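Read from first to last, the chains carry the letters A, B and C; within each, the first residue is number 1.
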Amino acid sequence: MKRTISTLAGAAVAALIAAQPVLAEETLAIGVSDALTGGAAVYGLPQANAVKLAASEINAAGGISVGGETYMLEVIAYDDKGNPTEATNAVRKLIDRDGVKYILGFCCSGATGAVASFIEYEDAVMLVGNAAERSITTREIPNLTRTRPPADYTGAAAGAFVAAKGHKRVAVLGALDVGFYASYVDAFEKELNKAGGEIVTREAFALKDRDMTPQLTKIRGLEADALLVVGYVEPAAFIYRQSVELGLDLPRYGFTSGSEEQFLRVATSEQMEGVWDLRPTELTLLSATENGIAYHENYAAAYGISPSPSSPYAYDQTYALKDALEAAGTVEDTAAVARALRELAVPDEVVMQYLPIDGKMFDRNGQAYTSNGAFQWRDGNWTFVQDLPSDPVAYSEFLSTLD
Amino acid sequence: MIEILQQIVNGIAIGGVYVLIALGLTTVFGILGIAHFAHGSVSMFGGYLTFFLVAGQGIPLVIAIPVALTAGVVLGMAIELLAYRPVRKASHINAFIVALGLTMMVEGLNLEFFGHEQVVIPTSFDRVFNIGGVTLPELRLYVILAAALLIAAMTIFVERTKTGQAIRAVAENRDAAILMGVNVRTIPLVVFAMSTALGVAAGIMVGALFAIAPGIGEGLVIKGFAVLILGGLGSIPGAIVGGIVLGITESLAAGFVSSAYKDVIAFLVMIFVLLFRPQGLLGKAS
Amino acid sequence: MTRIAVSLLYAGALVVLIALPQLISVKYYLHLSILALIWLIVSQGQNLIQGYTGYVSIVGAGFMGIGAYSTTLMGMHLGLPVWLTILLAPPMTAVFALIVGYPSLRMKGHYFAIVTLAFNLVIFIVLLNFTELTQGEAGITGIPKPAGWLEALNFRDREVYYYFVLAVAVLTTGIAWAIVRSRVGQILMAIRQNEDLVGALGVAAWKYKLFAFVASAMFAGLGGALYAHYQSFINPEVFGVAQSLDAILAVIVGGSGTLAGPMIGAFIVIFLPEYLRFADSFRLIIYGLLLVLATIFMPRGIVGLAQDLGARIAGRR
């Protein structure tokens, strides 16, 4: 017992020393706060991996050159379990104790909202990845940017698309307790109503639910002419499978952003056939640019698993930060770096397809926009069919009017 | 009418899983008085292990299942010996804290070994039966049958075998059982072996019919406890009735009242039942 | 240990707590200390029902949530000043605790524990889905700090907030002490020992149990309100079952049924997981292992261990 404790203590001391950033002149520590354990790890862990991958690529290519000095990046990643208190603690530790000024990651809205509520008062820059809750970028926090567009930006485009297909009675089954999914549906509904359609029911499921047959049975009895599925890929995949098992014969649209691999774990390709996914043009191999294909290869080589479709939001953060640091010519003055981020052109290395606003990656709210795309499942693959009509400039204006 | 029938059929499959989880919990509770919170995570470990053997190693399901069950038996006994036995004399809340610690450890180990992606145990059962408008996927039918079979096997073990009688004797009256010469040191081991094997079986069913992912086990164990007190703590028939009642209640609540509040409705039904029968549906009044 | 020695220990602890912000150079630890003091308040309440009365309630975090949301929503919609809404949070929580406690306390032992757990889940799901009121999972951001009186007393300053929470923590610990020392406290402990006997003596045990339950909820509600105004952000995630289990842990690890136990326990449940951050993904495993080992080797918590050691030293002399 005594030995266990002393070994543990020894390990603790060793690890504490190791975790202490060795602030030699040429090292810049950047932080990651993300869900590395728990239910949200499926989003957080790939994001942390993506930042580490980008950092190692940047280092291998000679680091970041700022004001004549060359900096190598060192990543300190802490687990926030997607929990607001844990995220606050992790970020406080990064800023106060580890002396980190640049914090990336942030997959999940609750944890991100908690940090966003105080980051304005800190000498730090926060780069948000996959968290899609709109209110994170409505307050024009000067030292915060986000790579993923808010869900309602995409939802409006999706609603117009589905309405144009002539559907009048759409049944919704979604993770409606999650704010950004609900706002996707709200924006979707608005566009659908304009075209004379309506949402006939809004059924919900929780993050841990995998049995959707009760909700689908109800929808089966409603004579809807289309089904809209919004939610994380893990539960959503079961909706597609169980809808076929229940004999529900409807056109199916979704907002799920899962990879082929993630869906095929749950459903057969026949059960998925014809499903639409209406979402930001995230990473799918068939729609990927050269950067995307390289990212997929390098990520798979480094971690032995395919990258999740949304993980490039974190990868792209890292390159945006690199360019902003170089443009600002300082690693110390976070206000200057935050300003540089707002002025930044889209970096060459990014994976996602950003639509710049006035030639800049982020608008004045700190929000980036990707194109939205309609993907359809055909013969085992998500196939890019067409761009969804999206108007980032108009949305950006609208976002600026919110508070 | 078909819709109600369909919802009941929907509820029975998930109810069967609840029954298996609750049976493992109720034997441990009835005989040892331990609220074994780690049961869900241990069950998930069994599911993960089966997935690893089938999908990772290419071992056929019929071989992988007994291997996982055996691993469950060993793990269950190890948990009893190393974690619960040292706190047996302390207050029950201490065993509960041990259970919490175990839950974190097993969840953490699952994540380390098997990763963060959800896994589904691959099976080749993908036909769907249609009986007068009510649809029933083949796999669901087998899960319901397997659960029924396991419940029967366990009942026979407890009712008909010598070890089973000894277990019941300890549950009825510990001191008298000692006087009658029952070995009370091995009984907890047997109970944990049996309980964990049932849990692993439930984990495999969840893994095949639904999925295993971080956090799923904790959700299931809470449902399992709800079943336990709904049916009556320590009561085996109570766990069976309670599990099926909870499964069907959830299904009907989601289909006819509100899918967002289906768990709230299920819990309120449980609390309502307990107001009139504080010992649960089939529990003995104390 | 003599009374004087114990009083000296408490006085010493208080002096350390008062001096703490001056000793801390890294503000991160001040932040954790504020959280720990909030947990101290919650754990003192948890100790009343769990430690002294012997009823393990798993709805502590749910009541924190009710306190946190009621202070926030009253401020947002009624425009009441922060001071008033913080003061109103515990009575609001008490109303809910009466509704929850009446059916729950008809049950004993594990039945009680699981029914309270179910209530925590119900609170959680309602907070999550009643988005018109709670803004759901996205959470409420920009919750105001209490208004200061003077320039020097700015509650944005973490040091000021620390002393504010410390004062409340001392006050609530005093209330807990007074309850435990009173006749009510004696009856609660008698209920823990033998509830049937208490009933046989003609005491209406349910009234006392309900009192302990509602009092513990008020402590939790107050802790939740302080949390909301400190973090300026709340969402349902913070008030889930996992956090209720933390409150139980704090009581057990510190020392159940003692006044000092929850104080020590609260600091442990906040600081220990933070210290384990170095272990990265092994953090959960190590924390779990430490819990198991601590429960096996210190069944009466840290206070119990200290008492045993004290008794042994006294015996040797």
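General observations
Throughout what follows, a residue touches a chain if its C-beta (ideal position, glycine included) is under 8 Å from a C-beta of that chain, and two chains touch if they have at least 3 such contacts.
Values in this document were obtained by computation on a predicted structure and should not be read as measured data.
The interface holding more C-beta pairs in contact, when A-B is weighed against B-C, is B-C. Ranked by distance of CA centroids from subunit B, the top chain is A. Spacing of subunit A relative to subunit B, judged by their CA centroids, is 35 angstrom. Separating the CA-averaged centres of subunit B and subunit C is a span of 32 Å. Across the assembly, subunit C contributes 125, 129, 281, 283-284 as residues in contact with two or more other chains. With touch defined as above, residues shared between interfaces to two or more other chains in subunit A number as follows: 37, 176-177, 204, 206. In subunit B, the residues that reach two or more other chains under the touch definition are 107-108, 111, 260, 263. Those residues of subunit C that touch subunit B in the complex are listed here as 50, 56, 103, 106-107, 109-111, 113-115, 117-119, 121-122, 125-126, 129, 241, 245, 248-249, 252-253, 256, 281-285, 287-292, 295-296, 299. Against subunit B, the residues of subunit A that register as touching in their complex are 37-39, 41-42, 45, 176-177, 203-208, 210-211, 213-215, 217-218, 220-221, 234, 238, 245-247, 262, 265-266, 268, 305.
Within the complex formed with subunit C, the residues of subunit B that make contact are 29, 35, 83, 86-87, 90-94, 96-98, 100-109, 111-112, 222, 225-226, 228-229, 233, 260-261, 263-264, 267-268, 270-271, 274-275, 278-280.
Interface of subunit A with subunit C (complex): residues 1, 4, 8, 12, 15-16, 18-19, 36-37, 77-79, 82-85, 88-90, 92-93, 95-97, 109-110, 113-114, 116-118, 121, 133, 135, 176-180, 182, 204, 206.
On the side of subunit B, the complex with subunit A involves touching residues 3, 6-7, 10-11, 13-14, 107-108, 111, 115-120, 126, 128, 130, 135, 137, 206, 210-211, 213-216, 219, 250-256, 258-260, 262-263.
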